[in-house]
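Shared chain: chain A. Partners: chain B in the first complex, chain C in the second.
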Partner chain A sequence: MIVAKRKPFAEIKEMLKGYKKVLNIGCGTCVSVCLAGGEKEVTILNTEIDMTRKLDDEPIEIQGHTIERQCDREYLAELDSIIEEGQFDALMSMACGVGIQFLAERYPLLPTFPAVDTTGLAVNQAVGWYEERCRSCSQCVLGYTGGICPVTMCAKGLYNGPCGGTNKGNCEISNEQPCAWFKIYERLKGQNRLDSIKKINAVRGWNDQIPRNLVQPGYKKPENALK
Partner chain B sequence: MRLSYPTNIKIIRVPCTGKVDVMYLLRCFQEGADGVYCVGCLEGNCHYNQGNLRCRERVEYIHELLEEIGIEGDRVRMYNLSSGEGPTFQKYAKEMTEHIMSLGPNPLKEKLKKAVCA
Partner chain C sequence: MSTETTFKSGSNLEKILKSGQFAFTGELGPPRGTDVNEVREKAKFLKGNVDSVNITDNQTAMVRMASWAASLIAIQEGLEPNYQMVCRDRNRLAMQADILGGSALGIRNMLCLSGDHQKFGDHPDAKGVFDIDSIQLISMVKQMRDEGKFLSGEALHGPPQFFIGAAANPFADPFEWRVHRLAKKIAAGADFIQTQCIYNMEKFREFIRLANEEGLTDKVYILAGVTPMKSVGMAKYMKNKVPGMDVPDDIIKRLQGVEKSQVSQEGINIACEQIEEFKGMKGVHGVHLMAIEWEHKVPEIAAQAKVLPRPTPE
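Showing the complex of A and B:
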């Protein structure tokens, strides 16, 4: 899932400076699961903002609303009437970067501020602990690396490794950071597939550095698609 | 035992301190409380295994939140005792009251009063 962490409170406070009526919108999907931007986090942040602004003698009227998903027009639509009736000066979103942009796009006349920093695609290791496992590089080599992603786990993101910095199972950057390619070697050895590590993978295509559009086979962009 | 403790303390009963959410604590200060302390069972004695430990973590977390807001984090504290320790309960109640008295009232309370009067 997509994970995020809340921005430093001082940064959020600075962004909202001067705005008197704000709607803070949470997202009920990934950021709720990773405890960053769901209904509860919206309530906590709103309470904090309300208190700090009262202390600064600049009271703010801040409301909260959490929708199922901010990356889907179907769910965003329920905000239309709330925003129209509310006469807000600004919007704040606790969704991932995708949701924030979609929200800003739907209400272009209202300033939209992010309350979280999107961190990546991660697994849930324990309650409150998330570990990045994918950089969505559009060039998956997991089939050759025993299911361990060298792009995410290797400090250099090497598609072919290890480099000279591998150090008794750890990476040269830190003794707490395992060497991805050492892990890959161990995994492939256990599967009796060590020949896979000899396969030279294509160098990184940097496909994630350009805007990507995905249309699944059997589907096409509607001609009247919203821009 | 007929022990007395300071009358300014309002007790809010919860089934376990594990039920105490960060939002409960924040709301107390938003409504003007000068301090809050959570009294849980002794560590290692929680009927639900980790309730009191979770509460302690939340108390530590709210310290940061309150400091960010501009209120002293030390207005929230966690104490542990068993249900048979009446004198300890009294001691902690007095200790917390004295501690909060030394910090003074919740700075938000003045603002709330002004808002009501305006």
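Showing the complex of A and C:
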């Protein structure tokens, strides 16, 4: 899933400076599961903002609303009437970067501010602990790396590791960070597949250097697609 | 390796190694500023005492004078540079541009490295490039040199002439992998290898034994890395803080066993004993002396190690 963490409160407060009526919109999918931007987090943040602004003698009217998914027009639509009636002077989103942008695009006349920093595609290791596993590079190499991603997990993103900095199975950057290539080596050795990394992996073309557009086979963009 | 008379780069280092003589290379870190005299001062101690000098490329991810620029100053001072290039700071366009420029201006040796992670340096939040990795860099330089083609496959006019070097760390985990990685670097096109600083001789002997067994030492020249210990503190730091470094307790004990004023001499003694062993070790073709911020000691170390005078091939 996509994981995010809430921005530092001071940064959020600074963004909202001068705005008097704000709608904070949560997202009920990934960021809700990773405890960053669901209904509960919207309520907590709104309370903090409300209290701080009162103390500063700059009261704000802040409302909250959480929808199922901010990356889907179908769910965003339910905000139309709320936003029209509310006469807000700004919006805030606790969704991931994708959701925030889709929201901002739908209401182009209203300033829209992010309340979270999106931190990646991660697995849920334990409650509250998420580990990044994919950089969505558009060219999956997991087939020859034993199901461990060097693009994400190797601090240098090497394709022919491990480098000389491997330190007792950990990365040179930290004893807390396992070396991706050490793990790849161990896993492939266990599968008797070391030949897979003994050959040189040639230079690759990076497929993530321009904005990516995906249209699945058998589909096409609708002619009246929104620009 | 058998002696050869055809040259890929014509560098001094290549000629010495191909003539079957034991090579001795040094290292020079460019200054953190524009003071050319800093380079000239260090060069003085290296000239005539080493066959080629590695000019480091933003080593430990600290910004320094560009490696190619310091390499050119080294040439002016009568030294032969071994131009280091790391994958951390440049993409494939910038790398190829620097390779062409370096060769055009007379640099003939190049060492291809991944580079220390930017986290260690003075700009820890910099974006690490790593567009290609060190093994891919070796292949790229070889393709440019031998096929006259850019990485893209397009023809280039006037191929660069480099004797291509790579690093090897026999002490990083997993140990069994290190010989495979060496084989990959040779397959990619490395002409010579300079190893990480060696302190654990037993492990290094085993590494070379495996490399000999695989026939790798017939395909590449291996220069064993030596860094004399200046103090007990340095030895402990290398042991505990430098990733991929293997400093046995015996070394620390030996340094601790002499009078404080004699510790650095003892460090040099250890280094010279190592060099003596490397001279006779099958599969080792030279020594790379990394006397970090200790360039003024190089003449003394070279003399004690009995590697002088250096050959002067024509």
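Heads up, the rule we're going with is that the second predicted complex is superposed on the first by the 224 of 227 C-alpha atoms of A that agree within 3 Å, B and C clash if a C-alpha of one lies under 4 Å from a C-alpha of the other, contacts with A are read in each partner's own complex, and residues count from 1 in each chain.
In this section, contacts are C-beta pairs under 8 Å (C-beta built on N, C-alpha and C of every residue); 3 or more make two chains touch, one makes a residue touch a chain.
Please read these numbers as outputs of a predicted model, since none were measured by experiment.
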Contacts of A:F9 with chain B and chain C, given as first, second, both or neither: first
Partner chain in contact with A:A202 - chain B first, chain C second, else both or neither: second
Which of chain B and chain C A:Q191 touches, first, second, both or neither: neither
Touched partner set for A:F182, first chain B, second chain C, both or neither: second
Contacts of A:K168 with chain B and chain C, given as first, second, both or neither: second
Partner chain in contact with A:K54 - chain B first, chain C second, else both or neither: first
Contacts of A:L158 with chain B and chain C, given as first, second, both or neither: second
Interfacial residue positions of chain A with respect to chain B in the complex: 9-10, 40, 43-44, 47-48, 50-52, 54-57, 59
Residue ranges of chain C touching chain A (in the complex, touch as defined): 87-88, 92, 114-117, 119-120, 128, 130-136, 139-140, 151, 167-169, 172-174, 177, 180-181, 183-184, 187-188, 196, 243-244
Residues on chain B engaged by chain A in the complex (per definition of touch): 22-23, 26-27, 29-30, 65, 68-71, 107-108, 111-112, 115
Sites on chain A touched by chain C in the complex: 155-169, 172-173, 179, 182, 185-186, 194, 198-203, 206
